[in-house]
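In the two complexes below, subunit A is the common chain; its partner is subunit B in one and subunit C in the other.
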Partner chain A sequence: MPKSNLTARAWIVSLGILLTFGLAWHLAVSGTSQTQAMDPEYAKLMGLSATQGKSAMPGPLDVIAKIWSHLKDPFYDKGPNDKGIGIQLAYSIGRVMLGYALAIVVALPLGFLIGMSPLMSKALDPFIQVLKPVSPLAWMPLALYTIKDSAISSIFVIFICSLWPMLINTAFGVASVRKEWVNVARTLEVGTFRRAFTVILPAAAPTIVTGMRISIGIAWLVIVAAEMLVGGTGIGYFVWNEWNNLSITNVITSILVIGLVGMLLDQALARVARAVHFPE
Partner chain B sequence: MATDKFISIEGISRHFAAPGGGKTTVFEDVWFSIPKGEFVCMIGHSGCGKTTVLNILSGLDLPDEGAAIVDGKAIEGPSLDRAVIFQSHALLPWRTVLGNVAYAVSSKWRSWSRAKIEEHAKKFIEKVGLKGSELKKPSQLSGGMKQRVGIARALSIEPKILLMDEPFSALDALTRGTLQDEVRRICIETGQTVFMITHDVDEAIYLADKIILMTNGPEALVAEIVENPLPKDRDRNAIHKHPSYYAIRNHLIDFLVTRSKTFKGEIPADYDRRKPPVVRPAGQPQPVPPPQANGRKVA
Partner chain C sequence: MSTFSNPFSSAVRFMKGCICGKHHSQAEHERAISAETVETPLTNDEGRFRRVVEAAVMRAMFPVDAERRAFLKAVGASTAAAALATFFPIGTATDVLAQTGPIEKKDLKVGFIPITCATPIIMAHPMGFYSKQGLNVEVIKTAGWAVIRDKTLNKEYDAAHMLAPMPLAISLGVGSNPTPYTMPAVENINGQAITLAMKHKDKRDPKQWKGFKFAVPFDYSMHNYLLRYYLAEAGLDPDTDVQIRSVPPPEMVANLRADNIDGFLGPDPFNQRAVFDGVGFIHILSKELWDGHPCCAFAVSREFVTTMPNTYAALLRGIIEATAFAQKAENRKQIAEAIAPTNYLNQPQIVLEQILTGTYADGLGAVKRDANRIQFDPFPWESFAIWILTQMKRWGQIKGDIDYAAVAKQVYLATDAAKLMKEAGLTPPTSTTKSFVVMGKTFDPAKPEDYLASFKIKRT
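Let's look at the complex of A and B:
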């Protein structure tokens, strides 16, 4: 079967799923069910939607309208509790980038050391084994207590959660560089430093980048939770704030935006992976 | 420096830790030497320690006892004076053909400009017949082409000694023949000193001036050193007509089939590890009479 044909048909199926889902959603929320007897307090809280039998759940058209309004003005700033989704995203991406960059700076050299020295590998292994399975959010109280700054604390949490996959993959990639490639460099009297950059780094790069790709995925998962926890700014805080405002439309919009940004981050790393990949 | 002992292996031993504790001796107290400009092959069964000898000569491995001496100096580590052609070609897959050769050139002449490095590398790529494939990656090359890149890389640093570990064993017969011709031509042109491991008796006869025979391991011995009676300028299609061809071929095959196993049990009384016996299989009556009247005269 020709490949282009397959792609075209896949697009059609995807579109079909989207439309079916959208339609089902639309029908489900535009129901005319009876207003249930409810706690008057709750009814007051939920406003018209609950008292008039209209579902509290926004329909797809509401969400599209909301996205459109966000797109028109993503960067407005009307005080601490009302900032445009673009600003919130920028905060989150900025924190992820900072924490992630810090993790690279630590994980790559440390991974090289562990990968090249069997002694360090054995000596550091117990620490890594114990610290790796700790949920990054468990570090948050400790970070808040020691750093005393919620923004920096969430950067630290991103750093911690991005560290492990990069560290482990770098160490593994470096340790499993083919001996014959190292021997080529040795017979050419290439010094340790030049060898690290001309043989070990390119040979281990695909494994390292795989680790980096896992890390960016985890970092993006964790930032939302971290910002919900510490509040202030960021897309995680935005989601929580909109929940408190009972703006489900905004919550759904955020979910879509978070997914989209996560995909873009992953795609960027996939591009890097393709650049360092070598067929044998 | 004496040129008849350009490379001198003096009493080397190599042990490895045995799986169940203790140690296995791959070989012990091995002596031989290689004069400058000579092409020496080593043959022996799998596992007898040929690669171990080559690794010691390259400096990638060190002997537990004894010393490998090149040009009067004991080998202490790898050197650009000794180029290695690896059995598995060992090309860096993320570099192009040119990049692989240029890596070696730039390692040898660190102050050279990029242009000069590439020009020098291209010269050797052309020498092994790969002109036009400079920008290909190893994964885009056939097995024979990869091995050619390995040869170009080794030759490009203009080494004093060329060390080859079964360089052609993974190739088909036709490619192997062409590459043997090329390596032979280049080595003769440059007066290269060569140490090469092979399993192939015909390859040894075609290429070598001397052939070192190793008995089976462990505790392998250099049983003898066979001088090749064929003239230095030999034609691969005519060597089998030489009167001594069958003598040396039978001698080598006889060694591989039987004597490599039995030698240790019946070591001759005058056998001296320091001076393994040198034999020169001579042209006995030929098994097939030469069909042409103008054949080579019997020595």
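Let's look at the complex of A and C:
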């Protein structure tokens, strides 16, 4: 069976699932439940879910309309607490990139050190094992208290959560480079640095990039939670602000947007992974 | 006695009801009177400062209240003012008072939590109370009380909206490092409520609430102390008979809907929002527990007060004028419209209008009217601080002996507020403490320990 045919059929099935889900959702929320008769003066002061029994959950059409209204004007700025979704996303991506870049700067050299030196590997292992499972948000109060700046604190949280997968994968990748290649390099009297860059790095690159790909996923998960906590700007703040208003429509909209951006980030690193991949 | 009354009035009554006795309250009386008399225009700065100076001279000449009133009664307020002007250069004195030093820092950041308690802080931005003082203030929405505390301690914010007990807790180092903090103005009095889930609509007696799960916004909040007080009066031990959790206000409605909590004593707009969405009903307004209780406050660090006195004065003046504006019933609708957008409270305007005008749906099918549901009064009574300290001690948040009066004086800057209220053409109370009644029991700020000892349920 040709491959293109399979892809086309997969698309059709995906679309079918989406439509079925959308229809089920629409039907589930469109009904109105029983409401008691109310004094008109009282009814005027109440919301739709109380007066008409309208479901508190918005339907798919409400969400689509909302997304359209956000897409029409993504970059408005009506003051410090009300910015367009495009600006909020830019803030979040900026924070993720900064924290992530810092993590790369620390994790790669440290990972090389651990991977190449069995002594350091054993010595640092207990620290890594204890710190790795800590939820990144648990660092937030400590960061706020010591760094004394909420913007840098959220970058620090991104840094700390993207550090571990990269560090561990780098160390593992470096340690499991085939011994023959390293030995050949040694026989040819290649210096340590040159060996690290020309032999070990290319050989360990696929494992390292896999670590980086896991990291970017975690970083994007964590930024939303971190911004909900400190507020101010970013897509996480946007979700929090709309939750404050109990606007489920906007919350669903931002869930979709967050998912989309996360997918794009992941795809970007998948491309890098393909570039460094080599057949053995 | 309201702090917004006229200093030149000779007939001030300290009892309930109005001056003439025909109306239920002074506010009603004023509404009736304002319909028939023309008020002296005091909107321009000069007019206000003039009145302040006149008031000061008047007070200096007749320090005894009774004498001053007798004099005013005999000759009339305007004659008295004119008489004073002949031998005291009031014009010159007014000019001196109106001049303040240059503002040290123009661009300020003020943090707030999106609740109606913060109304004066928020509305001062769209309605221009800050810019009138020559300040460029950004009001920044913040996610929770712990964050607003940390961001203010970090100096990311120059000043912030806090719960009235927080500056006390911060200054004492309870729940954070001790940092000298000050509270120069109260934002709102009243304006909170106990909201219960719809399924409890038949359990209106707190004695039936054993095993309930409640939410309050923060451990160091009036909400926590009032709820504990209310439960303890009904014979329930708030630590063992019920569960009280600290939950950010916006999550309260979501938790109530999800059946995670049975009710909450929380700030508006979330009580009214629960009603609006058909999730809960308003059991009792906090003003029915203690009419005139403080709730939220405007707080700044002592460092800000001492290093930037002119900026501080300008900021506080803006806040106090906004508070005075918010107190007037006729401005409430306009305020609801100004603070409803996403940039500020991000709530349906109809919900805010119900809270601010006091004509609201109670969630059980009735429309209630209580114009005093929320009020705005900037004066930080030191006795408020003393009451809060007794409750902190009652529930074991602070231990050992405390010098109630000294802490209250250091944190609640009643004198500063009084000075600036005068400048804004308002009349501050002459004393900094007063006694008040909480759930039928009179609190005497001079005897906090006796008050504390009188409770049956306590942790001391």
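Just so it is clear, the second predicted complex is superposed on the first by the 267 of 280 C-alpha atoms of A that agree within 3 Å, B and C clash if a C-alpha of one lies under 4 Å from a C-alpha of the other, contacts with A are read in each partner's own complex, and residues count from 1 in each chain.
Criterion: a residue touches a chain if its C-beta (ideal position, glycine included) is under 8 Å from a C-beta of that chain, and two chains touch if they have at least 3 such contacts.
No experiment lies behind these values; they were computed from the predicted model shown.
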Have a look at where A:202 lands relative to subunit B and subunit C in the superposition and call it first, second, both or neither. first
With both structures superposed, pick whichever of subunit B and subunit C touches the larger number of subunit A residues. C
Should A:181 be classified as contacting the first partner (subunit B), the second (subunit C), both, or neither? first
Once chain A of both complexes is superposed, is A:79 in touch with subunit B (first), subunit C (second), both, or neither? second
Touching partner for A:259 - first (subunit B), second (subunit C), both, neither: neither
Once chain A of both complexes is superposed, is A:230 in touch with subunit B (first), subunit C (second), both, or neither? second
Between subunit B and subunit C, whom does A:109 touch in the aligned arrangement: first, second, both, or neither? neither
After superposition on the shared chain, which partner residues are touched by A:118: those of subunit B (first), subunit C (second), both, or neither? neither
In the complex, subunit A touches subunit B at residues 180-181, 183-190, 198-199, 202-203, 276, 278-280
Which residues of subunit A touch subunit C once you look at their complex with the stated criterion? 36, 38-39, 41-42, 44-47, 49-50, 56, 78-82, 141, 144-145, 148-150, 228-232, 237, 240-246
Mind pulling up the subunit C residues that touch subunit A in the complex? 114, 138-144, 146-147, 150-151, 153-156, 250-251, 253-254, 257, 273, 275-278, 341-344, 346-348, 350, 354, 359-361, 365-367
List the residues on subunit B that touch subunit A in their complex, please. 58-60, 77-80, 82-84, 86, 88, 90, 92-94, 103-104, 107-108, 137-139, 157
